[in-house]
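Both of the next two complexes hold chain A, though its partner changes from chain B to chain C.
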Partner chain A sequence: MERFITEANLQQFAATLAGKKHVLAPVASGGTTCFRRLVPGMRLDFSRMAVISPKDATFPRNETLLLVQRYVEESGKKLELKEQLPEGECIVIGSRPCGARGKLIFDPVYETEAIKDPYYLRRRDNTLFITLSCDRPESTCFCHSVGSNPADGTGSDVLLTAVEGGFFARAITPKGEELLADALFEEAGTRAEEAAAKQTKARELMGQAHDFSSAAAKLLERFDDMGFWQAQSNKCISCGACTYMCPTCYCFNITDDEAGLVSRRLRSWDNCMSHTFTLEGSGHNPRGTKAHRLKNRVGHKFSYYPDLHASQIACCGCGRCIKQCPAGVDIRQVVMAAQEYVDER
Partner chain B sequence: MSQLEELKAAIRGHLDSLDCVIGWEQGYDPLHATPLFIRNESDLERLSISPLAVHNPATYATGFAGKKIGMVVRGCHSRSIIELLNEKLIERENVVLFGLCCDGVVSQRKIRTALPADPGFVEAVEIGDDALHITLAGEKTTIKLQDVLADKCRICAYPDPLLADVLIGNKHDSRPEETLACQEAFEAKPNAEKFTFWQDTMSRCIRCYACRNVCPMCVCQDYCIAASRDPLWMSQENSPAENFMFQMIHVSHLTGRCTECGECERACPVDIPLMLLRRYMNKQVQEVFGHQAGTSLDKTPPLLTFQVEEARIKERDW
Partner chain C sequence: MSANPYLPDMATVVEVIEETPNIKSFRLVLNDDDKMKTFTFQPGQVGQLSVFGAGESTFVINSSPTRMDYLQFSVMRVGEVTTRLHQLKPGDQIGVRAPLGKPFPVENMKGKNVLFIGGGIGMAPLRTLFTYMLDNRSDFKDITLLYGARTPVDLTYQEELPEWLGREDINTVLCVDNEYPGWEHKVGLIPNILLEMNPSPENTVAITCGPPIMIKFTLQALKKLGFEDEQIITTLEKRMKCGVGICGRCNIGTKYVCQDGPVFTYAQLKQLPSEL
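Presenting the complex of A and B:
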């Protein structure tokens, strides 16, 4: 199904939806643009890619897994556990193709024969993505080098493309078709061609894709070369900006917040660049330095994950980790350094 | 000889005796610099000292414990080094300081606001004496450097390094201490308004701890109390209250130690104006203890020592 919507009508469509459902959309505030829950008075900001990815929709930065209530009575102690499964539908409006597609990296990990993560699965199944294709790549964009493109609809329900006066909208899933049935969407007319031309131009602007296919093996070759990793991680400050911005990073931490007889079990984003990520109870830390940790982050995305999951690189090429890194660590450069490494010994 | 060539020559003379020299080079695009760790001539060739070179090399100083390194430092960076020396966190004989008399660095945030489109679309940057000429999405825009200087540079009282082994550039005339209009305007707001501001702003915080890890004075890092489970000071819950609690911990631990290099605010991926808290705390320390971190050697931060009677705290008069 193909439709058209004016920008004003898209704002209204988003506002109306937000009155009924949980809508996450890029909103400008405080000089930056982040995905926020849309409430009356907020406007969508499509002028730049949101700083934080739309990952929050399917994998929130923190969620309560269960509530614990303890009772101390004369007859003895009692414990009550309440599972807190996520309820309701969420609609993400204005994600970019990379952010919408990035979440697919979760599936082979959170939905296996042996283990199914009910919290993630419920959110994933109840979240719709209305994605905006990109008309111009940023200097940090490389989706075309990791198997995607600026108009990739994978992982989205509707794909919007900016055309004269508004947006050309294409439904990708049946749920997307239901969204486009709204009266604010009009006949697409001949806009399909205009949108196709825009998409082709955006892809051309990205230039030649880099071939990462040798990365998996080349990174493994450097696994024991700590000199290489120390040099690559010199400027890294070991913070979590890269992992928390990343649409594909899926690691989490679980902690219990206790307050008297009540406690909450929280799941929150965790970050492999942190010292505590692999700190063992004994005090031993197998990844005690930032060099070990950067090796893991890069290796996991471009080598270990692809080895386990049909050569799929666990990176969607959005470039947030590069753009937002306080020290300018560039994951493309690190992988290329491993690919181009020449042993001079 | 240009300042850059002069600096390169000075570094070249020291390279053999140092593990590395920390400076800057062009980053992922022509508008962004990134720290450079110089170990040989080809690294040295990439050195850049333009106003885009903002990172504080002192952030990395404690990570090289036991090794001898060089650092290219601007005025504010030298204050961080002095503070680290005063707290005995690094040793003087292990650092060689290549000082730059600094005319200020840019705020990427201000550049972003001044540009007609996202700086992500940058194609070329030409750095003039007092302006940046930026080609963005096919169009050229000129921005005056003065308009995009970092806030810390607009009120900088120490543009020249206070400690250096080699000094490059011309020293500035002494400058008066100044305050920022935006700071004063914020502090003058009623508490209820400030509360609403922080509630909203802290809802953006993702607790990535970039502000902590980039801070040259935050040396606990791997053992930060924010990560302690027992005792539990902070929940992993990502709420404005918990996020603000972390910032309160951060700013309290920097009492009398913060050198106002502005790295915390620069590093924040979601643009939280953390310097509002830092500058306020520093003003209190200045008023109560007459202390300004990193401005002179051999001064202990007031909360790392004690006086039986503090000169400016009149306990008996209370």
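Presenting the complex of A and C:
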């Protein structure tokens, strides 16, 4: 199904949806653009890619897994556990293709034959993505190097492409078709061609893609070459911005917090670039330096994950980790260096 | 395990044993009678213990599946969760997620000589298999246990040591690092005592666990004695959170210790990237 919507009508469409459902959309905030829950008075800001990815929709930065209520009775102390499974639908409006596709990296890990993560699965199955294709890729964008492109509809329900006066909208899933049935959408007319031309131009603007095809093997080959990893991680300040901005980083921590007779078991985004991530009770740390940690982060995305999951690189090429790194670490350069490096030891 | 892999089963502490100044063993029974009756695990598998409000940590189930009156976990007090665990008393409630991980390859050990080499708290994962073998004694040939700790006070499972030492059908050797008043057993470091014992690698499996430095030199000693990599089995420890291969901190390259381990042969370990 192909439709057209004017920019004013898209704002209205989003506002109406937000009145009924949880809508997550990029809005201008304090000089940046970020995903917020859309509430009346907020306007969509499609002028640039949001600083943090829309990952919160399917994997919130923190969530309660269990609530624990303690009772003191005559017969003794009792505990009651309650699962806190997420309820309700979420609609993400204005994710870029990288963010919508990036969330798919979770699937083979969070849903296996043996283990099904009910919190993630519920959110995933109750979230729709109305995605905006990119017309002006940035220098940090490299989705075309990891099997995607600026108009990739993978992981989305609707793909919007900016055209004269509004947006060309293509439904990708049946749920997307339901969204486009709204009266604010009009006949697409000849705008399909206009959109296709825009998409082709955006792809051309990205230039030559990086060839990461030997990364999986080469990163493993470099595993013991700590000199290489020290050189690559020299600039890193272990702040973890790369992990928190990343649409595909799925590692988490589980912690408890306690107030009186109630405690909560929480799951939060965790940061593999922090030395506490793998610090053991004994004081031993298998990834004791930032060189070890950068090696694992890059290795996980470009080698271990692809090895385990059908050669799929666990990176969507959004470039946030490059753009937001205060020290200028560029994951593309690290992977290319590992591929090209000649070990002279 | 429940359909929600993060939801613990509730259990009651039925007994607390003070093993050493900083190690306690907890004997637990699941509150749900049916679950307790149908609970199965194999030696070497682990569980996550929850003290609600403090958190969750991973420990090996060190009782044997042949003795299902309770599940036993031994805990060294080192951090927040283990400190709270140490405050538990009989009757207290605790959360358990178990069994997790892969067990020792017991079937492959049948008909073989078995050599256990445990150091300190590293005796916990050996105890489950050792007890299992004592209860299925005829399935295995010679069973030898070399168990050492820094001082006699640091030896866990003191209750059981007289039985292990007294049994005619096993060979138990105890050692401590230095001379100690009243100590009548061996004195010296485990790898050195092992070399002194000079066990034959012929039709033998060696199972070792202990502090990293002890494992390192024990592996060297076993190699010196002629053991092949495939004949040496160890069990690893890593910081874990989810216990089900998702949260991303216990991996060594593509292997997740919580799912693919914690039991590995030395041959398997050598195949892994070096990140212990």
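Keep in mind that, in the parts below, the second predicted complex is superposed on the first by the 344 of 345 C-alpha atoms of A that agree within 3 Å, B and C clash if a C-alpha of one lies under 4 Å from a C-alpha of the other, contacts with A are read in each partner's own complex, and residues count from 1 in each chain.
The rule is short, and it goes like this: contacts are C-beta pairs under 8 Å (C-beta built on N, C-alpha and C of every residue); 3 or more make two chains touch, one makes a residue touch a chain.
A quick note: this is a predicted structure, and the numbers were derived from the prediction, not measured.
Superposition of the two structures on chain A leaves chain B and chain C fitting side by side, clash-free.
Vertex at chain A: the C-alpha centres of chain B and chain C lie 90° apart in angle, rounded to steps of 10. When the two structures are aligned on the shared chain, A:C34 is found in touch with chain B, with no touch to chain C.
In the superposition on chain A, A:K235 makes contact with chain B only, not with chain C.
Using the contact criterion defined above for the overlaid structures, shared-chain residue A:E280 touches chain C, although it does not reach chain B. In the superposed model, A:G155 makes contact with neither chain B nor chain C.
Using the contact criterion defined above for the overlaid structures, shared-chain residue A:I322 touches chain B, although it does not reach chain C. In the superposition on chain A, contact of A:S268 is made with chain B only, not with chain C.
Within the superposed three-chain model, A:R48 lies in touch with chain B and out of touch with chain C [touch as defined at top]. By the document's definition of touching, of the two partners only chain B reaches A:E138; chain C does not. Within the superposed three-chain model, A:G102 lies out of touch with both chain B and chain C [touch as defined at top].
Note on the superposed arrangement: chain B and chain C approach each other to a least C-alpha distance of 5 Å. Once the two complexes are overlaid on chain A, the chain A residues touched by chain B in the first and by chain C in the second are 253, 255, 257-258. In the complex of the two chains, the chain C residues touching chain A come out as 3-8, 10, 50, 52-57, 76, 78-79, 82, 91-93, 95, 211-212, 237-239, 241-242, 244-254, 273-276.
Those residues of chain A that touch chain C in the shared complex are 65-66, 68, 70, 76-79, 81, 83, 85, 109-110, 112, 114-119, 220, 223-224, 250-258, 263, 265, 267, 270, 272, 277-282, 284, 286-287, 292, 296, 299-300, 303-304, 307-308.
The residues of chain A lying in touch with chain B in their complex are 29-32, 34, 47-49, 51-52, 61-62, 136, 138-141, 231, 234-235, 237-241, 243-245, 253, 255, 257-258, 266, 268-269, 271, 274-276, 322-324, 326-330. Of all residues in chain B, only 20, 27-29, 32-35, 37, 55, 59-60, 109, 112-113, 117-118, 120-122, 137, 200-201, 204, 206-210, 212-214, 221-222, 227, 229, 232, 235-238, 263, 266-267, 269-273 touch chain A in the complex they form.
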